[in-house]
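Structures incoming, each one as structure tokens.
One chain, chain A, links the two complexes that follow: it is found with chain B in the first and with chain C in the second.
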Partner chain A sequence: MKRLPRTLHPLAWWLWAAGVATAASETSQPVLLLVLIAAAAYVVAARRAITPWSASYSAFMRIAVVVLVVRVVLYVLFGDAGGNHVLIRLPRVPLPTSWGVRIGGPLTAEGLISATEDGLRLGTVLICVGAANAVASPARLLKALPGALYEVGVAVSVAISFAPQAVVALGRARRARRLRGRSERGWRAVRGMAVPVLEDALERSIDLAAAMDARGFGRRGNVAPMHRRAATSLTVVGLLAICAGTYGLLAAGSPALLGVPLMLAGAVVAVAGFAVGNRASGRSHYRPDAWRGAEWAVATTGIVVAAAYVVVAHRDPATLDAISQPLRTPDVPWQLALTSIVAALPAFLAPPVPRPGSRSRPVPVPARARAEVAL
Partner chain B sequence: MNIARRAAGIALVAMSALVVPVQHAAARTYYNYWSYWHKPPGSSSWQYSSVGASGYYLKSGVQVEGWRFGIGSGSPSDPQPRPTDVSYDAYCAGKNTDKTYRVLLVVDYGTESGAPSGPVYSCYGFNDDDNGFQVLTQQHTERDNSGLICAIDSYPRSGCGDTVSSPAPTKSPSRATPTSVAKTSTTAAATTTRSSPSTQQSASPTLTTLPRRRASVAPTSPGPTPTTASPTAGVTSTQATLHPFTTPAATSRSTFPTGLVIALVALAGLGGGAWFLRRRAR
Partner chain C sequence: MITFDHVSVTYPGASAAVLTDVDLTITAGELCLVVGSTGSGKSTFLKCINGLVPHFTGGTLSGRVVVDGRDTREHRPRELADIVGYVGQNPLSGFVSDTVEDELAYGMESLGVDSSTMRRRVEETLDLLGLADVRSRPLLTLSAGQQQRVAIGSVLTMHPSALVLDEPTSALDPPAAEEVLAALTRLVHDLGLTVVIAEHRLERVVQYADRIVHVPGAGAPLVIGDPHTVMATSPVAPPVVRLARSVGWSPLPLSVRDARSAATSLRERLRDHAPSPGPVEQLGELVASAHRLVVSYDGVIALAGVDVDIRRGEVVAVMGRNGAGKSTLLNTMAGLQAPDAGMLDVGGVAPARLAAPDVVRRVALVPQNPSDLLWRESVNAECIDADADAGVARGMTRAVLTELAPHIDDDTHPRDLSEGQRLALALAVLLVRRPPLLLLDEPTRGLDYAAKERLATIVQRLAADGHAVVFATHDVELVAEVATRVLVLAEGEVVSDGPTATVVTASPAFAPQVAKILAPQPWLTVGQVERALAG
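Take a look at the complex of A and B:
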């Protein structure tokens, strides 16, 4: 069966990425985390759109490495994770013990491993965000927002589009540097490019927001204030309840009432708010993204992976902690190892990405981006 | 305008859902958790630790460190490690005298059914002012969650400082008789045992004392039977008897690590696939 190339609904991609990130935040088993990273990498490699921001994945991968290194360096500096396989005793800064802080001191194998696992977990969550940025278009995600969120949407668009825009801006700043005959590597280059990149990315995000404003995104329209207030308050209350419910669901050992019931109640209220808001805003959509079978499938994979990890984390938290004390090879539950592979299924479930030009050799970067640098 | 009224109704229902957990929280909250106690040098009564185990440093001299699993409100009135009148000299007298920091560690699994038999003790000596966490993890295993000790020696199996609806404070006996210390055959075999979840803290462990590189664990030998038996022994049925801590019997891991193999195969397959796809797209 040959499927027609089309872009998947961005919300499906974000649900998938959020599911994988949720799963990653539940475990510190390095092997499972690496499988999740590999699954995300596979999906990104298979279904990456040819867009300027599709480089986000490798950019976020690098950020994840930085996070990992920072976490380990912090451990080396402030130490004290217990364990008794002392690798080296660093000289200690003599501080009064009542401060509760200690700089230097013994480094243990257990501490290094648990610091690495911690960093890897955070890095995996970041990589999931990067994957979502690489496969889904932020502008299309915004378009899919319910009408009640249009006002918030302008602000959110600035926030969401900042990371991909920064990646684009970094490429532009690098090319500009190269054209001027300067090195694009090393500390001096970072110092010279940091401010232009941040400025450029922020400016582009604000441009996007302004363009949306001009097209009536933040427009209130002829809506009774009563209506508007009802929609806003319902939405805010519902989203707050969802936030609290998410916390209850993810934090092991929280009261049961805080989890699923609160989340469901919040979802009901938020949907009611969206319904009221949608009725109030008289907007039409131009070529709305379709939500078809492939979208259901991709979103389901994310939810399945997240659900498996959350269930195991609540029922048997010990299996998800790679206990580094005593040192041993980790016990990986095979059910979770199998479930983690599900995270890679969107590479086959999602329809192929439409590629400009010939089928085999896509144009890597739009010519526009290069023309701008020359100006 | 009907919509607004309906919206208000829905919001009211949602808010009532929010109120329910708040009412629970209004009462005093009790947790089923591991509390942490000290007896600094010269002190004879347990002091509730106001800092975490990684933030508490040993004092020079002899001292007692205690852990107790039980229901409490996170205050100094929580159940203390038994026996409450335990002293360093009762179990560790004459051990590690060449070390600056000497500790008697008492781990009390509490009185709930299903708890490992305890309380257990172990003696350590250090030359560095290590912290309470390092003392605990010399031989015991622990599971923690963002800094909170959830389980020691895989007890409890799940949960972390869970709230308890009915406190049912089981008053711990204030005096206990540490009698009949189990005889230990001190085979100092360098076995790297691990606490298997299924056979954690079996009641009759094969006693192997782990030699540690740094901490010079004094063998919990059939030492002098402590003679601090109180005259009122046997008043309560839940008298605690301290046992020397022994790591659980090493279960030979004959089971094939299915999960690890599946994960590694998936890792290789997916990683290789991603690399291949990227190469081809270039």
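Take a look at the complex of A and C:
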């Protein structure tokens, strides 16, 4: 059967990414983490959307590397992970023990490895966020938000749109300085450009607020205030419960009641809030993204991977723990590594991305037009 | 449909009211044109209609504004969104989403229109405004004309019964402006839409108006009446009306068509005269010269082999549709953009290779938005800064400014100046270094007739002083007034280059009104005709 290109529902992509990120946060086993990174990268390579946003994947990659390096540097400076294989003894800054902080001292192989693994774990989570950005822009995700969260979504998307506008304003300010014959650099230049850029942003936000008001933003229509308040409180309480539940699920040693049950209860309350809110908002959606088989499949891969890791973490935490004390070659949990490959399946399960010029949204920024904007 | 019942508006901190005792009823299906000079209160008048004044801007409104039975005192702009569509001056800053289609749908989503209706209206509006090709493009990448059409479309999709537009064609080239106005008149005639429109360039709209509201400014009472009556005395008037007034035609023609039929006898009288040549052109040395100039952005060609020589004393108008490469040509001459191929020589050097202080001694560019060049908090501080930058004695910039625009207070914030004064200040700041070449990018944007006349005088004087002036514009009337030569660009290539009279009379799109009325005789401006008849 021929697969027709279409854009996948953004929520499916973000669920997939969240699933992989959850899995990554459960383990510090470097082999597993690398498999997860590879799976995410494979999906991005196959199904990257062609939007200005998708470029942020490489930015997230770089941030991940920085996080890894910072984590190791922090260990070198402050870490005291124990271990017997001392590599080097750094001069130690004498501090009272009651401070609970140590600067300098022995560096052990165990500590260094554990710091690297920890950094890799954080980095993997970041790469998952980057992957989600690459395959589905956050702007589209915000559009798919339920009506009850609509205002929040608009606030976020306006804030996001500030960045490209500010870049344009900055370009104009730089040109203007050149046109007036200024070629200074450094602090004076920054100060000279900050004022016009900020003024521009302020003016724009006032204009935007007026335009949104004039086009019916925040219209209440004929919905009872009671109805609206019920929707908002249900949604907020539900989301808080989900947050607490997620924490309970991920944090080791928290009571079992704080995990899955709380999360499920929260989800039920939040969905109820959305349902009430959708009826209360009086808004409609233009060309909403469809949720079909492929969306289910992609979302399921994320959930399956996450579930596998969470289950193993509860049954047999040692498998996921690569922290090497005593120092040894860590065992690779092969079953889990193979399960992780499920995370790469969206590369086949998701329909191909529509090519630019074809009918579906979105299309890349043509260079000529971008240059005109910069002028 | 729209009723103003003894409305006065006073902004907080202002000593006098902007509008006093406005009493007016606009009936359904009317196209009402609001005219007046910059800062006279046109925008305030428009914003009263959908309640942005006073709900959004602050200030006190006395009296009542009632739209379709809804009083703006009890209804905020958002509650009026389904009956009044408002398009502000700067379309880009009012965009809420990031692609054309989403922007068109935004208002309907707020109103809760069902999805099949939304789909249909978006498609209709894309066709109506000629936006189907760019439907999925990000808004930031569109040309100014396309952005303006999206802004109009984004309120049309809500099917309002009244449309309020604040200077909708100021950023558009003549054909694009015609297109937008044609769409608007079609909406008035076919759908009975009420349109209230503020516009500086009356020559584009006055013939479509059913009624004119002239806002004289300073709280003076509005002059309201049918176009023929108001235009007979209005200080702001398009060339066709000024010509009619000076020749004494009655009834007053408002369109080129009416004027042509009245002009038979005038053409007879002018048969034996020839247009007086403008100020005698002293062509001086070459200040800039481009040969096979090619400029591209990220692989897209913006200028494809342009040849042009510019001499001292010349006033060259660069015309062409939006995106034809006009701004690119000016930017490249000012050294903001490096050429990819070909030769560009400004004052003996390639401008892109020079450091900023060396460029500005040879060439000055006033960008589309002159306030980009101004960043201090008072006119005086700006002048002192410019003196220091140029390394000249203090007070020089101020002297240049006084020459360009005599009555500007030292302590005014550049933001509080009128558009024309701001342009003068930006010019003064650059001209203090006496660059031989002056470039202006769309200098008439937002200028009223009086300010445009001042600009024309300034440009003519600069040319007489031996500057070369190059300006990009869509304003054919200004071109007829000041340009000695016209360069028309299309797709980055020069399609015509020659004396103004030859180029602008060659095609109807670029012809000024007087030329259209008196064709085939080669008259371009009211001034020329007046001089010929007097002499």
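Criterion: the second predicted complex is superposed on the first by the 292 of 375 C-alpha atoms of A that agree within 3 Å, B and C clash if a C-alpha of one lies under 4 Å from a C-alpha of the other, contacts with A are read in each partner's own complex, and residues count from 1 in each chain.
Everything below uses one rule, namely that a residue touches a chain if its C-beta (ideal position, glycine included) is under 8 Å from a C-beta of that chain, and two chains touch if they have at least 3 such contacts.
The structure displayed is predicted, hence computed values, not measured ones.
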Original post:
Should A:Leu4 be classified as contacting the first partner (chain B), the second (chain C), both, or neither?
Top reply: neither
**OP:** Based on the superposed arrangement, let me know which partner A:Ile88 touches: chain B (first), chain C (second), both, or neither?
**Re:** neither
Original post:
First (chain B), second (chain C), both or neither: which does A:Ala39 touch?
Top reply: first
Original post:
Who does A:Gly238 touch here: chain B (first), chain C (second), both, or neither?
Top reply: first
**OP:** Would you check which partner chain A:Arg180 touches, where first means chain B only, second means chain C only, and both and neither mean what they say?
**Re:** second
Original post:
Between chain B (first) and chain C (second), which, if any, makes contact with A:His227: first, second, both or neither?
Top reply: first
**OP:** Residue by residue on chain A, keep only those touching chain B in one complex and chain C in the other, then list them.
**Re:** 362
Subject >> In the complex, chain A residues that touch chain B >> reply: 31-32, 34-35, 38-39, 41-42, 44-46, 48, 80-86, 97, 100, 106, 110, 226-227, 229-231, 233-234, 237-238, 241, 244, 252-253, 255, 257-258, 261-262, 265-266, 268-269, 272-273, 276, 279, 314-318, 321, 323, 325-326, 328-338, 340-341, 344, 362
Subject >> Touch list for chain B against partner chain A, complex >> reply: 1, 3-4, 6-8, 10-11, 13-15, 17-18, 20-21, 24, 51, 54-55, 57, 128-131, 133-134, 136-138, 141-143, 145, 150-151, 154, 157-163, 192, 194, 197, 212-215, 257-260, 262-264, 266-267, 270-271, 273-275, 277-278, 281
Original post:
In the complex of these two chains, what residues of chain A are touching chain C?
Top reply: 52, 139, 143, 154, 157-158, 161, 164, 168, 172-173, 175-183, 192, 195-196, 203-204, 207-219, 221, 282-288, 360-363, 365-373, 375
**OP:** Would you mind writing out the residues of chain C in touch with chain A in their complex?
**Re:** 50, 52, 55-56, 76-79, 81-82, 84-86, 88, 90, 93-99, 101-102, 105-115, 118-119, 122, 136-138, 140-143, 154-155, 158, 297-300, 302, 323, 327-328, 331, 334-336, 355-357, 359-361, 364-365, 367, 369, 372-373, 375, 386, 389-390, 429-430, 433
